[in-house]
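Note that the chains are named A, B, C and D in the order they appear, and that numbering of residues resets to 1 at the start of each chain.
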Amino acid sequence: MLTFAQFGAGRIGQIHAANLASTGATRLRYVVDVNAEAAAKLAAKHGAQVTDVKTALADPAVDAVIIASSTDTHADLAIASAKAGKAIFCEKPIDLSLKRVDQCLAAVKKARVPMFVGFNRRFDPSFAALHARIAAGQIGAVEQVIISRRDPGLPPIAYLKTSGGQFRDMTIHDFDMARWLLGEEPTEVFAYGSCLVDPAVAKVGDTDSVMVLMKTASGKLAHINNSRRASYGYDQRLEVHGAKGRLLAGNRVATTVELADGAAVTTEKPLYFFLERYADAYRAELAAFVDCVENKKPLPVTAHDGRMAIVLAEAAVKSLKTGRPVKIKG
Amino acid sequence: MLTFAQFGAGRIGQIHAANLASTGATRLRYVVDVNAEAAAKLAAKHGAQVTDVKTALADPAVDAVIIASSTDTHADLAIASAKAGKAIFCEKPIDLSLKRVDQCLAAVKKARVPMFVGFNRRFDPSFAALHARIAAGQIGAVEQVIISRRDPGLPPIAYLKTSGGQFRDMTIHDFDMARWLLGEEPTEVFAYGSCLVDPAVAKVGDTDSVMVLMKTASGKLAHINNSRRASYGYDQRLEVHGAKGRLLAGNRVATTVELADGAAVTTEKPLYFFLERYADAYRAELAAFVDCVENKKPLPVTAHDGRMAIVLAEAAVKSLKTGRPVKIKG
Amino acid sequence: MLTFAQFGAGRIGQIHAANLASTGATRLRYVVDVNAEAAAKLAAKHGAQVTDVKTALADPAVDAVIIASSTDTHADLAIASAKAGKAIFCEKPIDLSLKRVDQCLAAVKKARVPMFVGFNRRFDPSFAALHARIAAGQIGAVEQVIISRRDPGLPPIAYLKTSGGQFRDMTIHDFDMARWLLGEEPTEVFAYGSCLVDPAVAKVGDTDSVMVLMKTASGKLAHINNSRRASYGYDQRLEVHGAKGRLLAGNRVATTVELADGAAVTTEKPLYFFLERYADAYRAELAAFVDCVENKKPLPVTAHDGRMAIVLAEAAVKSLKTGRPVKIKG
Amino acid sequence: MLTFAQFGAGRIGQIHAANLASTGATRLRYVVDVNAEAAAKLAAKHGAQVTDVKTALADPAVDAVIIASSTDTHADLAIASAKAGKAIFCEKPIDLSLKRVDQCLAAVKKARVPMFVGFNRRFDPSFAALHARIAAGQIGAVEQVIISRRDPGLPPIAYLKTSGGQFRDMTIHDFDMARWLLGEEPTEVFAYGSCLVDPAVAKVGDTDSVMVLMKTASGKLAHINNSRRASYGYDQRLEVHGAKGRLLAGNRVATTVELADGAAVTTEKPLYFFLERYADAYRAELAAFVDCVENKKPLPVTAHDGRMAIVLAEAAVKSLKTGRPVKIKG
């Protein structure tokens, strides 16, 4: 039975702690958070102790850590955890700076600890099933990938200021998805970005509507479209074209009710936001991490994947700035 | 090239005449209608002559007739046409009285002419494809049939008075569908009928909402539900369960447009009514008739089918009156 | 915080105990089961004690009981629990005999305890949403109800022998659904039943394929079709027609993946069986029971509902035997 | 009643001639084609005469022409027709060279004749309904457009050699769609193109798989993905995101049949190719042209639209060649 320390007791931290408990095969020993009240509450709920980073990492009983604190602390905590020899589950992104990400990866490599990056979309039942069907050869060689993702609404402008921008904060999931679905690294990225939802977004130097193209060495093509607003909820769709067919994964709805009346035939809007839509995915990713660490299996999502998503996001930022496609160095 | 005489120049007659023309392999020589103006207009449109029944049937150049006049004239015209040796395409129902239907069938049998009854639903592309899949064994042995059919709105009460009642006027199509899909004759019918749309319907002794159950000798089961009203348009659906699977045929829509907004995801209502929904079916049934007569193939829908639909409708009427299931005599 | 005793530690009992725990606002004090090992295992999992019926009911700390033991014990346990003044959550059916059901209801009435019957379909998110939309007037007055339900495969013949027959064992859920959706009591039932799946079913005097019609005093109509086999999984669909529109609730699928290839466009089969399909419903019904008992609210499903479903099932059995429609006495 | 001359008696010419006849309000006087046999056959079918270009254009009775001959003759015929004062219906593209297109537009402008370019997709019932809903404000201001279009299979390599390349031959329809749906001119185009279907395509200097991004002055974004191959048929889908919602228009199918069996739930593949999918669109575009010319209404698709599609296609070709985005000059 693995023993965990968890850094971060906020919204995502609460989800991870609950999912950890539901695996039935782990123990949460420590909760660490700058917010003492949040830490105490979460620790109490799961029979854990509140402590500080140093104590948690110094305890040899701790096998693994969950890093679910604010983004700017991820890299430091991952490096310290690696040095302490703990298996690491780290929320995305590892860091907003590629340089810092690389320092983190070096520490992890040196310590030879497993590091999992929380690209939970890979564990969404529909997306995972789609990927498994590609792997099973149902559509032959992948040729084109199209990812459509929209959030229901704009986050607070204050949040946007520190988010690293739409590509690093939102599209990062899709960069990971694209790599995963293409089965080959993109070698070039081109991006357009606009501010169509709220002019305040432009004032803080960000975009709210983006489109990206990528290509790989063998000529596979990928497209991503994102918006910070979707009046109908949370749009999360994948489309993959191969030599022998097409796979789609659509939105999920709360009920299957359909109404036909004098006006139209109506069905439900998609599930509202990531907590609802990806509840299963959060559960599955943590279960996968626990299984891999416990049984010494290779991780399905690694620090390298976390790094590559940041590499693509930086390329998109640069493309947007220069108006040119940007080559990716492996 | 077959030469036709057509009885009836009303709404359905116009459709048949136009479809006849579009086959490109027939000639419409005569149009007969008590409404001289309608007859003249239709004849002019298709280069035919207006005449009377006697003249039309006496002309040896006439190979076949289309009977699209009012229901009470179908049997007389079919008998006369049979005696004159013409191939017969007759709109449903042959007659509202089974006795009269039987006289008609006797005349047709004696004259050895082909007689097709216009159960156009069998030629709807979706329904025909569903039937072909049953025949191809895709769902194994048929076990249960469910037919859901609703008209968009109540016909005029004046029409209802002479229609023969909902079972003979509306459900008759579904009795034919049920026989066709079951692949076995129903041996018993049970029916409920209510007046839920308009109390005026009850005043003329009719129903507007019915449900029927039927069973066959081998235990196959069928259900029909009908309503004279569907606020969302024209509901026309089939469902067949077999030992190895289920087949559905749903409604058709004019466009594939889907709108997602703050309220819901909406698609179009079904095509409005039979002229729109069954335009293809009307075309296909006439083409099938022409093909069979011209090439001396057996008809896909015969006078016997027309008779059996009336037999089932009469049984449903009797069931409604007596409150008991009614046995069908082959 | 309510304290529970639970009778039955089998498959359904395990689900209820887990859902009870997940409400976070109850305590399971006792587990009772003739299978000592099952009782011990379940008790250990939830921190409860194994005991006998008498002890459990004698403990004044016990507020409520869950009856999830074999069907033939339901009535006895409910009567004893009522006498002991406990709130009762009872799995369906209360009993296979109406007489015994009535004795049970008398005891409950006398003791003035709340008794909930586990018609979990009412708590399925899609079915509950459909019902809420009817209540909200979205389709106007209900006119016709169509319920299509099929199990993936035949239960063991040994089970069928003691099940009470298809109407009491399987259709009972649909009798409850029909009453709930019609919003009015059926006054007459007519039923057909066949043995199409396996002749062994007929040998034990049961059916595997049934169709039912019901009508109410005001003329509303309902149809149920059931089969013990559906090669594609678990078919669970509702359709309600009202004066202003139609509501459907369809099957649920595990993923939204769609494959288009040279053969067809394919999506997933429905969720396999009741444990998967109704997982949410089991959770929601128990949460509703806890909420009602704790907050002294009226129960959404009562012993009366449990009785009426048996009344309709008995009528269907009689209809099948006599070949006649059977009147329902309120 | 308008009198027409038609240039071209091939596959598309036959469609236009038949649709012209079906309007019931026009007369086809002349058919011109280098293939004398094809011309004679088509002329005979529609009661027209075979003649040469000069004679046809010299006849003052001719009001309008249909140019459905090979692409390299479009511009010459349009210029000659304009000089002769005829209204022009011209198949797309006007010409593969922008210079030649501009000469054509100058001639048309000088002659003040109406010139319609056959972007039939605009008249597809679903696409037209989607556009009408944008115009009606159902999704607010348009923000992003996504066009997915795939042909069922690769044309002969011989055809590709003279087609002008995938952007001019295939994507041209989507460039027009994008302009139409954006409601604003693209100011920049970026394109990727690969050869994934058949290496023979690369040998003739063409692509078979492309992705395009475009932006407008106000920041609206558009994406196009095309492939010369789709094993499942003919993929023709639009997606438009606005401030208040999303509109989709999907593929069309021949029937609504759905099969559920032990393997999956399957529906039909999309209609096979453009003749089937766009039959309604071909009919509607010609009816629109006839209506506009007869009633002196402004054309819904003009020579300017034909020109702009070529401008965007040339920009895409240049982007592919240079690896850079290409600015569009109004």
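Criterion: contacts are C-beta pairs under 8 Å (C-beta built on N, C-alpha and C of every residue); 3 or more make two chains touch, one makes a residue touch a chain.
Keep in mind the model is a prediction, meaning the values are calculated, not measured.
More C-beta pairs touch across one of A-B and A-D than the other; that pair is A-D. Among the other chains, C has the CA centre that is most remote from the centre of chain D. Rounded to whole angstrom units, the spacing between the C-alpha centres of chain A and chain D is 41.
Separation between the centroids of chain A and chain B, computed from CA atoms only, is 58 Å. For chain D, residues that reach two or more other chains under the stated contact definition are 230-232, 244-246, 260-262. Chain B contributes residues 125-126, 129-130, 133, 138-139, 244-252, 254-262 to its touches with chain D in the complex. Residues 141, 143-144, 146, 148, 150, 190, 192, 194-197, 209-211, 213, 215, 219-223, 225, 227, 229-232, 235, 239, 241, 243-246, 323-325 of chain A are the ones that touch chain D when the two sit in their complex.
Against chain B, the residues of chain A that register as touching in their complex are 230-233, 260-270.
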